[in-house]
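Each of the next two complexes has chain A plus one other chain: chain B in the first, chain C in the second.
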Partner chain A sequence: MSIKWKTASTNWFMHFCVEVVCFYCLYRLFDGGDYWWIMAISYDALAFAPQVVIGEFFEKHPKIKPFPIGGITLIIGAIIMILGENAGTLFFTVELIGLFFLTIGNGIMHIAGALRTLRVSDGRLSESAIFVGGGSFGVITGRLLAKSSGAFIVIMILMLAATILSELETRSDGSDNNFIKIPCKHDLVKDIPIAHIVLILGGIVVVRGYIGYGLPTAWNQTTIQTIFLFCFMGLGKMLGGVLSDIFGARKVGVLSCLIAIPCLLISNNIMWLSLIGVALFSMTMAITLGGLVSALKDKPGIAFGVTTLGLFLGTAPMFFFGLPSRMICDILITVMSILSATGFMYCLKKNR
Partner chain B sequence: MIDIILKLDGARPFREGRAATPFVDDIVSNTVLFIIAVVVIVAIFVIIENIKGNRKNKNSSKKDSDAK
Partner chain C sequence: MKNYTVLLDEIVSYGSIPNEPSEIVPILIVISIVVAIAIIATIIAVKRNKSK
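And now, the complex of A and B:
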């Protein structure tokens, strides 16, 4: 196993910067204010749900370069949103326009990173998992930087640098700058109907998105503890892919789901045990993505879009119904984790 | 206009993604919901079309290998 570190780290950095920009704008302009609910749900919906369509578009048009288009769209959106802060009565209208550009840019960058890491990885999950893991670090960094207005220029320079680096990286491996034509070699799933795999693995992502809000983290009271929480989420996502390549996706998927249950249930006030549970819980992300890519051969953009759509569908109920009681959350975590492990056993090959 | 509607509707905090206020029916919320529903339906449609396409490819490649 030889991970393509240049591809993985460049896309990690790109994903990190994308989330820093998005969460900086959201938290700087709306945190807890009148528009928070509507902007948060609009951001979730417009960034996550259309990635299937964006993925299909870039797969059908391999000559169009997603990194520069996505990066520039994102930067334009962020500038509109920050300038709109002083738009007076037009504030909400300007912010909605900015948010539209920001989310579409976000979606394009995610799809570009997924296409790049999945197609050049020779069937491994490590590259895409490392790419996905960058997001959690970016979310918490963006949230923390939101308190400083001067950080915006630094963030914009970083985003521009990430866009240029990502584009240059695609030209560095002799794939004639056309990486979207490189075939995916992932082969994790059994010979069962594709619809079953998409429904089960997509369902696991929905469940993960929903119970992710209900994880017991009463210990999380300070900023440094929140930083730990997000870092362990990111580490879990990255480790999920790396460990799958070493020990097999099925083994890692099933074990991480099952071991996460006791870690999460008894650790409401025990930070380190809870963090291990959160990391284990996050490991399934790369495995579901790998399974979906194996099923939807040569459609990694669609496969990645299924996971982001699943995440949106999983988080959407929170906007309308809030969180159930602690006891219901614990029951959900237990039942859904066991069902997820069963789903992995049904869909994934034994020796993979 | 939307600004006024939102102000009339009052603040709806959504702090830390952990607690949402009950859903209040109004024109902005409904418009947002409608757009989200359209986006989700289009995305699901694209997924179904791709599953169908992949199934056809799988069947035809199976037939090809059987014929060989």
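And now, the complex of A and C:
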């Protein structure tokens, strides 16, 4: 196994910067304010749900370069949002326009990173998992930087650098944008109907997106502990792909689901055990993506879009109903983790 | 509320919908349309892949 580190690390950095920009804008402008709810749900919906369509578009038009388009759209959106802070009565309208550009740019960059890492990885999950893992580090960094108005210019420069680096990286192996035509070699799923795989693996993303909010972390009281929490989420996502390439996706998927249950349920006040549980819980992300790509082989953009759509569908109920009681959350974590493990056993090949 | 993860703990804190319906309804309609298009695109992609 030889991971393409240049592709993986460039896209990790790109994903990190994308989330820093988005969460900087959201927390700087709306954190706890009157518009928080509506902007948060709009961000989730417009960044996550349309990625299926964005993926389909860039696969149909391989000559169009997704990295520069996505990066510039995102930067324009962020600038509109930050300038809109002083728009007076037009504040909400200007912010919605800015959010539209920000989320579309976000979606394009995600799809671009997914297409690049999935198509050049020769069937491995490591590259795409490392790319996906960058997001968690970016979310917490953006939230922390939101307290500083001077940080905006720095993150804009970083985002521009990430866009240029990502585009240059696609040219470094001579493939230019032709990487969008490289066939995906992922072969993780059994010979069962594609609809079953999409429904089951998509369903796993939905339920885990929902119960992700209900993980017991009473220990988390300080900023440094929150940083640890997000870092372990990111590490879990990255390790999920790397360990799958070494030991097999099915083994890693089933074991991470099952071992996460006791780690999460008994560790409400034990930080390190809880962090291990969170990392194990996050590992399934790369495996569901790998399974979906294996099923929708020539459509990795759509496969990635299904996971982000699932994440939105999983998180949407939170906006309307909040969380159930602690006991119900614990029951959901247990039942859903067992169902996820069963889903992996049904969909994924034994030796993969 | 600190019993729960802080992924977006503010949403839990502001669990009730705070905005005026006149602001929320149009945005929820747009969100519903976007999600519906995404689901339809997924179904079409699965059907196309199946027929190959």
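What we mean here is this: the second predicted complex is superposed on the first by the 350 of 352 C-alpha atoms of A that agree within 3 Å, B and C clash if a C-alpha of one lies under 4 Å from a C-alpha of the other, contacts with A are read in each partner's own complex, and residues count from 1 in each chain.
The rule is short, and it goes like this: a contact is a pair of C-beta atoms (placed from the backbone, for glycine too) under 8 Å apart; a residue touches a chain by one contact, two chains touch by 3 or more.
In this text the structure is predicted, and so the values were computed from the model without any measurement.
Trainee: Record, for the superposition on chain A, whether partners chain B and chain C clash or fit.
Mentor: Once both complexes are aligned on chain A, chain B and chain C clash.
Trainee: Could you say whether A:306 touches chain B, chain C, both of them, or neither, answering first, second, both or neither?
Mentor: both
Trainee: Applying the document's definition of touch, where does A:326 land relative to chain B and chain C: first, second, both, or neither?
Mentor: A:326 contacts chain C only, not chain B.
Trainee: Applying the document's definition of touch, where does A:38 land relative to chain B and chain C: first, second, both, or neither?
Mentor: A:38 sits against chain B and chain C alike.
Trainee: According to the stated criteria, A:216 is in contact with first (chain B), second (chain C), both, or neither; which is it?
Mentor: Second partner only.
Trainee: One more residue to check, A:89. First (chain B), second (chain C), both or neither?
Mentor: A:89: touches chain B, not chain C.
Trainee: Using the superposition on chain A as set up above, list the residues of chain A that contact both chain B and chain C.
Mentor: 32, 34-38, 40-42, 45-46, 49-53, 56, 92, 96, 193-195, 198, 213, 295-297, 299, 302, 305-306, 309, 312-313, 315, 318-323
Trainee: Quick one: which bits of chain A touch chain B in the complex? Just the residue numbers, please.
Mentor: Those residues of chain A that touch chain B are 32-38, 40-42, 45-46, 49-53, 56, 89, 91-93, 96, 193-195, 198, 213, 295-297, 299, 302, 305-306, 309, 312-313, 315-316, 318-323.
Trainee: Please name which positions on chain C make contact with chain A in the complex.
Mentor: It is residues 2-8, 10-15, 17-19, 23-24, 27, 31, 34-35, 37-39, 41-42, 45-46, 49-50, 52 of chain C that touch chain A.
Trainee: List the residues on chain A that touch chain C in their complex, please.
Mentor: Contact set of chain A toward chain C: 31-32, 34-38, 40-42, 45-46, 49-53, 56, 92, 96, 193-195, 198, 202, 212-218, 220-221, 226, 229, 268, 295-299, 302, 305-306, 309, 312-313, 315, 318-323, 326, 329.
Trainee: Using the touch rule from the top, collect the residues of chain B that touch chain A in their complex.
Mentor: 2-3, 6-7, 10-15, 17-23, 28-29, 32, 35-36, 39-40, 42-44, 46-47, 50-51, 54-55, 57-58
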